[in-house]
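Multiple structures are listed underneath, in structure tokens.
Each of the two complexes below includes chain A, the first together with chain B, the second together with chain C.
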Partner chain A sequence: MTAVIAASNLSKWYGNVLGLNDVSLEIEEGITGLLGPNGAGKSTFMKLITGQMKPAIGSVTVRGRKAWNDPGVYQGIGFCPEQDVFYEDVTGWEFVTGLLRFYGYSRTEIRERAARALDVVDLTADKDRLIRGYSRGMRQRVKFAQAVAHDPDILILDEPLSGLDPLGKRKLIKLIKDFKRQGRTVLVSSHVLPEIEALTSRVVLIHQGKILAQGDIPFIRELIEAHPHQISVRSSDPRALAARFVGDKSIQKMTFGADGRTLVVETHKRDAFFSRLTGVVLEAGIAVEEISSPDDNLQAVFEYLVGK
Partner chain B sequence: MTGVSAVRQVFGFFSFLGRKTGKTRAFAILGLIPVALAVVVRIVLHGRSGLMAAVFTEILMVFFLQFYIVILALFYGTSVTAEEVENRTLSYLITRPIPKPAIVLGKSAAYAVLMFAMVGVSLALSYFIMNAARLSDPDLYATFFRYLGVLGLGVLAYTAFFTFLGAVLKRAIIVGMVFGFGWENVIQYFPGSTQKLSIVHYLKSLLPYHPPSVGGGGGGRGVALLLFRLEPTAPLAAILILAVVTAGFLALACWVFRMKEYLYEE
Partner chain C sequence: MATVREKGYTHWDGKLGERRFPWWPITRTGILLAFRKKRFKFIFAGAFIPSIVFLVGLYISERLEDFKAIIQGSDRLLNIDPKYFATYLTGDWLFFLIVLVLAYGAGGLIADDLKHNSLQLYFSRPLGKKDYLIGKMSVIAFFVLILTALPGLLLVVFKLVFAGSFKFFLQYPWLPLSVLGFSALLTVFFAFYVLLLSALSKNSRYVFVLTFGTYIFSTVLYGILNGIFRTPYMALFSIPANLRQAGAFIFGQKLPFAFPAVWSFAVLAGICVLAAAVLNRKIRSVEVIK
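Up next is the complex of A and B:
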């Protein structure tokens, strides 16, 4: 399949700060998730694709054309920025129709497209309200509407799900998937793995300006599984609990927390540990207060991958 | 979309947005100051038209020429690019299929028209209130349009300059204030050709000029006249220079905006 977006040895600095470091990447049709913690370089990459920034080294092309200072490229791109910013003194309708003016459509077509886009995001009833009066979810949706109103075949969404309630997230995920079903290309960024998982199985992991890994979700999961999980169990008797697990071969390491009530376990077989823990706790009559997985977050996964 | 069409669309968008902002309301209210002053002067100096004309000249010079058009152009001109960066709305504009210079030209043109409307209304109200007794005099209208034209040229030249400053500098408003209320106010009173390094010099050159009478006062006044004397440039040359200043700074602003990356402050 031909790459829709292609980056070759792409680097970008902000003064002395490295934003993106030697990134080579090809993005094909369908949904690609750009996953990384805050400050990883996701937004920088998206700004380079949408021509908002100029590469320091390397190149980025969209359908074979360089993105920087080529307005022709932007005709087919819809961009939804991360920031919750708008021209606040206008209504949702004025915002979407105003931005549609820049595509050379007739007035009738602008109205039709704006009505369609606002309908898609369920904002028809609120289209004449000032954006400053919109809820966070409505603001995210009107941002999405302006990105899709001109029917782009490439959609670049920078953290589109942040700040949305679960229902809002589900609606937007459905919209993005509908967009993909129409044979278009979507690049969506997030720092939350489940959000990306809900959208696509094709993921690019980015951290400290570098592409750490790319592939489908099972591949990423495998990478993650290659590293031991930390599980913290706070209970009435952590030492008695530890004694029960001493002979367990799936446990690699056990330590006690500074509070004297926490047992921290490192294991490759998290599910096996949890199923055994239930039995042990019931059998020994140990009162468990809290079970948490301190490394079960994306940042920790990235740290594993970086340290690999 | 062609460049001209893009400029037109940007112009339309920002004409609409510009009218809705609180900044426009505030500056429109500011424009009522000379109107209120005109009402007071008309009541106080009722029947003394010569004195009223002199007062209006002062209003024109001090308020409109050296304050109102400068502060309007400073705030609107620098905001052409700076407000997009500060409000982080630039992404909505530069990801559209329009040339970047069209954004600068369309937006500055929209703001210039808006400023000209504010200046025009303020000038018309104050001028005709103070000259209400001479409304049948055709010279009254000729003078009004001359004043309006001069202020219009001033709006264009200052807007172009401040648009350029806004495109280049992060804190353009501070530098703009130093230029607009420091340099422009001081340099115009220097004798010789130094005063030609200010925009206001060319604007004043287009106004009716009354040379100071030599030896008309005491020694001190004579020195003052020497220091504060306008040495006008010929009207056609003044118009040409103002046009070159406007076109030159707008072209520079477009070039800078096209080449520069604008980063949002975290």
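Up next is the complex of A and C:
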């Protein structure tokens, strides 16, 4: 698959502070999550893609064109910044139509597009209210509306779900997934792991200006050899189950959960363990209620990589 | 049977229009936001008072006999020649009103964008830094030209209408060009001056104070230095003095200060260059470290 966004040895300093450090990565069509704690360099990366900053070293291209100083590139990009970016004394309608004017549409076209974008985010009824009176969630939604109103191929969303209520989050997640289904590219940043997990399994982990890992979450998890996989098995007799695995050299550690019904196994050979578990359960007649992998998620992957 | 329709985004296959003036949305927004301030409307309307006074003077000058009782020997003040137009355009009160209009209506042009983090929205669109600055300068050009070139040219036209002949125009054919030339100089200077100050703060009120403060301080400084050194060159420190000197040169009038006008042009150009350098640096400085 062709890379839509490609960064090559990208570095950016803010005076003496390093924002991004030698980042090289390719982002393909679909949704990619940019994940990292506050100050990791997510917003810097997004600003470099959207041409708001010039890279100190390296380059970033969008569909093969350099992102810096080429306004033509931004025609196909929709950007939803993290911070509030409003003139408080304009209405939501004026905000969206005002920004649509940069694309050279006719007046009718601007009105149609603004109406459609505001309808998508359920702000039609409030479009004539001043942004000053908007709630946090409404502000977030009108920011999203301006980002999609010109129908971009690439959507760059910086913490788009922050401040939204659960219903609002659900709606926005659906909209973002709709974008993906239309074959477009979405780069979405967040420091809230479940938000990214709800959107995509393809992530870029960024920390202190460096890319820690990139790819699917299970794939990245497999690569972290230093940390064995945790497998939690809730059963009627966890101790009997543990006794069957005591001699298994592939198992690093076994602990019992506080509820007295859970056995937590740590192993590097997860597939082998699952194969053996099936046989053991059948032989011993132990009733297994639940099997889960507590560290096979983004939170765990992130913590392992960042070392927190 | 009812159908449940999911809301989703619909792809648009239309054609994008050509963007001949990418800066226009910036200008449009700037002008609209200025007129949204109630006080600004009064200030802007008040800024036309000098032009109305000069128009009345023009009318009276053509009807001296009718107004003899009113003017009572002040008719020499109503001698309509290029000096009359230069007096209007290089008058301290007009400069003051222009500064007032710009400080109130245009002081927030960049300051508000910095305050509201709007630069990131602008520059993630098909808009370059040059377009952005042209858009902002066009807002200032709109206000300055409407207070200088428009009334200046209308005064010339009304002079011809009231006189009922083209004699005045044939006598001073270069006058409209002088009006346009000096208006252009004021536009360029005030565009850089106000945008420079607007880029220095995120608070438009502070920019308002800064605009007036630097303008008045420059004159005060001139007064102090002139008192100490007793040389006309100290007028180079005063913004209005330099504008008057340049205006007198453009209208072919006697220079108000005893030094070549090129010095004043150099000072005004220097301020513009300084402003351009600061703007070039500040406009991209949206990089916030949290």
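Quick note on the criterion: the second predicted complex is superposed on the first by the 220 of 308 C-alpha atoms of A that agree within 3 Å, B and C clash if a C-alpha of one lies under 4 Å from a C-alpha of the other, contacts with A are read in each partner's own complex, and residues count from 1 in each chain.
Basically, contacts are C-beta pairs under 8 Å (C-beta built on N, C-alpha and C of every residue); 3 or more make two chains touch, one makes a residue touch a chain.
This structure is a prediction, so every number in the text was calculated from the model and none was measured.
**Q** Once chain A from each complex is brought into register, does chain C clash with chain B or fit beside it?
**A** Pair status: clash.
**Q** Is A:Asn38 in contact with chain B, with chain C, with both, or with neither (first, second, both, neither)?
**A** second
**Q** Could you figure out whether chain B or chain C reaches more residues of chain A?
**A** Answer, by number of touched residues of chain A: C.
**Q** Can A:Glu109 be said to touch chain B (first), chain C (second), both, or neither?
**A** second
**Q** Does chain B (first) or chain C (second) touch A:Leu123, or do both, or does neither?
**A** A:Leu123: touches no partner chain.
**Q** Does the superposition put A:Leu172 against chain B (first), chain C (second), both, or neither?
**A** Neither: A:Leu172 stays clear of chain B and chain C.
**Q** Kindly classify A:Pro71 by the partners it touches after superposition: chain B alone (first), chain C alone (second), both, or neither?
**A** Touch status of A:Pro71: both partners.
**Q** Check the residue A:Gly51 against both partner chains and state whether it touches chain B (first), chain C (second), both, or neither.
**A** both
**Q** Could you tell me which of 1-9, 55-63 or 163-171 in chain C overlaps chain B after superposing the two complexes on chain A?
**A** With chain A aligned, chain C clashes with chain B through residues 55-63.
**Q** Counting contacts the way the document defines them, which residues of chain A are shared by the two interfaces, the one with chain B and the one with chain C?
**A** 14, 47, 50-54, 69, 71-72, 74-75, 77, 79, 81, 83, 85-87, 89-90, 98-99, 101-104, 146
**Q** Can you list the residues on chain C that touch chain A in the complex?
**A** Of all residues in chain C, those touching chain A are 7-12, 14, 16-19, 22, 24-25, 28-29, 33, 36, 112, 116-128, 131, 284, 286-290.
**Q** In their complex, what parts of chain B are in touch with chain A?
**A** 1, 5-6, 9-10, 12-13, 16-17, 20-22, 87-100, 258, 261, 263-264
**Q** Would you pull the chain A residues touching chain C in the complex into a rising list?
**A** Residue positions touching the partner: 14, 17, 19, 38-39, 44, 47, 50-54, 69, 71-72, 74-75, 77, 79, 81, 83-90, 98-99, 101-106, 109, 113, 116, 119-120, 146, 148, 151, 156, 175, 178-179, 182.
**Q** What residues on chain A touch chain B, complex-wise?
**A** 14, 47, 50-54, 69, 71-75, 77, 79, 81, 83, 85-87, 89-90, 94, 98-99, 101-104, 146
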